[in-house]
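Chain nomenclature is as follows: A, B, C and D, assigned in order of appearance, with residue numbering initiated at 1 for each chain independently.
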């Protein structure tokens, strides 16, 4: 049986090997419509080339699964250990992040070949270890799948930013026809009593049956004062009101560091918005599109989210508030798996409208007003793998809920994403919260 | 009675007017040994000239006390409203912070004269308002005193940094003789049970009898897991071990952003340390001195504090942990009022050693691992005065306890200081904390 | 007859159309061994992608030949007028130079197609205008050919720099075997009497039969004092002596601005040199190679050339000195047409050795100590074409003689190349000169 | 006789000692009306503090006269050898130029005392050496006087720039009343035949009786084509026409590097111009003044001078053209010695108007289109003193004729000043030149 057929076969079952083959094939499929030049673009240090993502995720399996566990495994090219190591100092030196777009070699074809060789070796290892029942290998592969999913999302957010630099505004995936316009639901707030809640993921390690990252642990208790949460994300139309009211010109809404960003970069609107001949447009993975008023505003920084909330007389939720509500589920939403590649207007049947917050999952990552810090009792795993999450615990804010570019399987109510408050190239949006109105205030 | 005599008279009593006159005179006295050139130095945007501090604190009383409350008051020079406004957008434009050292005019003499005129006007207003009993004026003056105390500390930390740029290493205050060397107390940890605690300042507004800043409010409850707190600050000798063990060369101890700072700025030691002919020296406000092994390490960034803690197998405390312990008092320590101008080795009588943490107040501001964020229910005051604290709530870390450059009267257990994790020019040190040893971990 | 066949046919004759077709085909052939990713690389603003060079030279014919002269010509894509305009403000806005590497679209294939369409249109126009005898069109096409030749050289120097960023050190053209090593000729000086000389190109405009750029005109007289010129370029072995004598560590040899560059960029050797395990290597278009001691040192800045000359007790020639000697010909040398792609050791038969300077043409552009300034009576042509040369007359130095990456046909004794004194990515070398030894000095 | 009296006595005679004492006293007098803070200002690396100039010129006499020639001389403070060495690598390390404004110590008073001690030592040495007839000492002192004069000019241009940063626009020397307005002479061109000319200073070394800098030597011949020179400098009114015609918005007038400066720094007018309520003002050493239409435009960069000339259909003169005309004298003009501190409108009696160019000396340094390069046969002196001029021969343009801030005694027809084409803080203006109108052009 040929390698390609083996991979296909593996991709059809729900075993770890099957899920591995399927997800890896999805990553490769994501660049099917891109040219080799497209796949090598890097506009800023943040936005790595698509080719690099394809290579790095393969290196991850080499470095953390094959090298330690596959007896006699020889790396495809030992030099890739420098080129495609992202930030693991415990493994060795890294090629400078900001220069990944200068790596024309290996070519896209060579990287695709690298992927195939790694895939074959991992599947072979899994086939062997099924007999041996090695839990540690399985756990590492499971981690690698979640890592792969993270990079699928980054591949999309990065290629979006990189293609956007071209004044031809090329589409990642051209659209046959616009989806039908939707009406926005009225914005309402839902009240929550707070009190003692439990947060974070139970268990420890990268358990197969209950996967969570180290930064979601340990599970712990917290006290919440009563709060209110908006029933949906802030829409483009609502954010446009902020712009038209002078929001980007008035310092009183902004954090001090946010106002400095506004002035330094001349921010006047969300990252992908533009106005041509009086009409507002938005650059999407489907190319330039008219701005959809009912869709959630996306690609705003924490600073913009906070300023909008302040202007609207509200605030952003804390991650504890968000999680205490989201834990009730259901874990469904407009994820990458829907193929929309973009946030959509909230939809509700009459039964739940106004009682359950919508869009908690999918559409846009939701900025919280919580800094990304360790939970009480947090400990990073030993070794290089311990660099995965813990070392980023300064200067960043927590985001929750996944986006239209996130794979459904790797989003959870306890999932903590984190970016700098100035970052805008992720698919990030705004959920409002507020304190209950009290008589004496 | 001459103005100078009036000011002297006012400075001798404990009334608000008396405290005002005394504190304002202290500020002026702080530059008595400096030249006019010294007082105009600004090495980096952070470190304003001493002259600017003297002017800005006067402008603060003009803008927030005299202009709104003193009928018919004419500002000493209306152009000072731009030159000496620090960051209050609600009041108007500001002269760029990084260029304050370019303001040779007004001269130091003119600024000292400005101070006298403002002092006279405030005292006159207070004399009148004693009759009228205006609580709001008194509250604003009280706020102005705490503001003055903050700038006394900044004046010292800034002049220290500014004079340090000169290869002649001039002393702010030359020292007649070195204080006697002390022995360091052994480092031990004290156990705390955690549980439900109350944090923050009660009340609201800038109350005269229970002053607190807006960011310390509202008082609220929190849940703490059990923790352990070191009995004293980390000493120079202990930090030297970290250096000699390669601490500044090994990325595994550092946060990712911290390691980037280390490499970008070639950090190899705390800000004011140097080594000449094999001997470690420390620049202090008394000039270059041999490094005192038993004294607390100071002028370290959050990144260095965190890396040291990780290397030592510990962590930094949260602000909630710190406050829950410090609230028990007593509120004493090596403050600016002792005249030492520098942290000193911890001293304990046998009775309390090992049972009560020492140096919680004074000596060094203690980095916590808590980001500077709003307390649940926080609201900034209306108007320009609301810009005092709230707009800085992103990207900074909380520090607690005051330092050898802080006035005793304006430090409290609930006091939240905040700086960026890279900042080193404040008198900042390290208190270790850790989680209790558990059987299953 | 198909377009491809027509182009082939045209390329075989010596007519303007024939030379056009041949040179254009050479440009395209230069990327035959590169991947699409290779062709899109841009490491710094100076080093444009190979794809951009292929497109820009085509746009040049569109903008300066087809648009004004081909009746009814419709541009292949009007948006290319922004994307591929280099610096002609008279034509319109330009896509920012430093971001050319972000243009993944049009793809390489689309650009090659663009070339074919432009070629066909130009050939058609030339076929028509042969009948009409339009001198202006022919002159513009001739200018376009010289422009094309300039960009062939830039394509090579740019791809060399861009590929060099990759730690795999990919070769532009892998080498089957090393050329045999040569001995270096002894360095001698040849004496010249100076006196009144004539410099620059006669004629005006872009004449077909005596092509010269505007900056080579008008022909004019100058007075030269007696001088001496080295018989060959400085070799790698000689430059290595400078390095080993501490040349890069001693400020006394350097111009002040040069020394600043050395310190800012930590220069310790020519751009493409490296040392591995004690052996000196040089990156070339054939990949990493052992340093050839007899070959001319190349890829040095003016600052390095000047410092070397000062260290060697000599100086660089003026452009007038150089031209007065080079005008005697012959105009032969190691040009791009030899296929060597790299400077080679000087070779001389006994007859001329020591009497005629070698390597005046080809191998390396020779830095002169003349700033790039207008000749007396210089006037730039009217219109956008006048931006070709004149507007760069500040801050740059003149280089003479062409290099191993220059097409032979477009180098002349009067040719003035110009780069900034810090530039190193061109194939630039060192010819020494000196003043005659006088008895009283 | 006291030191002060001795200095006074020395200052009254025309001997070298007398001239030394007088000029040194003038330098000190130049800061008489400035505060200590004023004297420590440094807004950019280029504009050193007045105090630094006073110290550096004293160090120059210490390093180049007293240390080598005064037996047993002990430096006033050996640390000044680092603090006040400007750029002489041959002498040792230098305190970074950009940080001179951070040297609050030594204070202004200490620097004035330093000057007195150096003055006394030099006068003592001169008194001794008069007997010994040491030509070398006299030559070094003479060089020191010209160096002192250069720094008197820099002190003024620097303090002007430094005070200008203050929004209060303090005057260096307040003005009692405005000088009466003058009419501008009509602009005409005077024709010159060119031909063979002799340029540069004869002799060698720093001869007492015929002082010239090394860069003015050797005297040499050159060939000039016929040229025309404007009869006076370009006026403010003329330059205003350029502005109002859109000169700063149209790239076609500018050199490429000049246009980059315009865009990067948003240049819209000369350095010290401003418009308030529709009226054009100019900041001068006498404070903000209405713009004088007939006075020469000043504080323009080479780029602005060149763009103005191109817009006006003219060009800038070469230094050879300028010198061939200026050599005819007379060497008079509006220098620092007039006390005007600012360029004034050209004045001519009927006899010479239109026949002799006015303002060749004084008022404004005149940008030439000649790069600052070595004359044929140029050699820098040996030792550290050789760093005086030669190492700056790249990237700068030659200016001629002195300005209203230059001491008359140290300006000559052969004097070559040099600055970068972007520099504007010197008192620089525009003299137009052009090529004769020819019948065939």
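Operating definition for what follows: a contact is a pair of C-beta atoms (placed from the backbone, for glycine too) under 8 Å apart; a residue touches a chain by one contact, two chains touch by 3 or more.
As the structure is a computational prediction, the values presented were derived from the model and not from experiment.
With respect to chain D, maximal separation of chain centres occurs for A (centres as means of Cα atoms). Averaged Cα coordinates give chain A a centre that lies 47 Å from the centre of chain C. Once the centre of each chain is set as its mean CA position, chain B and chain C turn out to be 60 Å apart. Taking each chain's centre as the mean of its C-alpha atoms, chain C lies 39 Å from chain D. Among all residues of chain C, none touch two or more other chains. Under the contact rule stated at the top, the pairs of chains that touch are A-B, A-C, B-D, C-D.
Contacts from chain D toward chain C in the complex involve residues 87, 89-90, 196, 220-225, 251-252, 254-259, 302-303, 306, 315, 318, 369-371, 373-374, 376-377, 379, 391-395, 397, 421, 435, 441.
Looking at the complex, you find that chain A touches chain C at residues 35-41, 43, 51, 79, 82-83, 95, 99, 101-108, 162-163, 165-168, 170.
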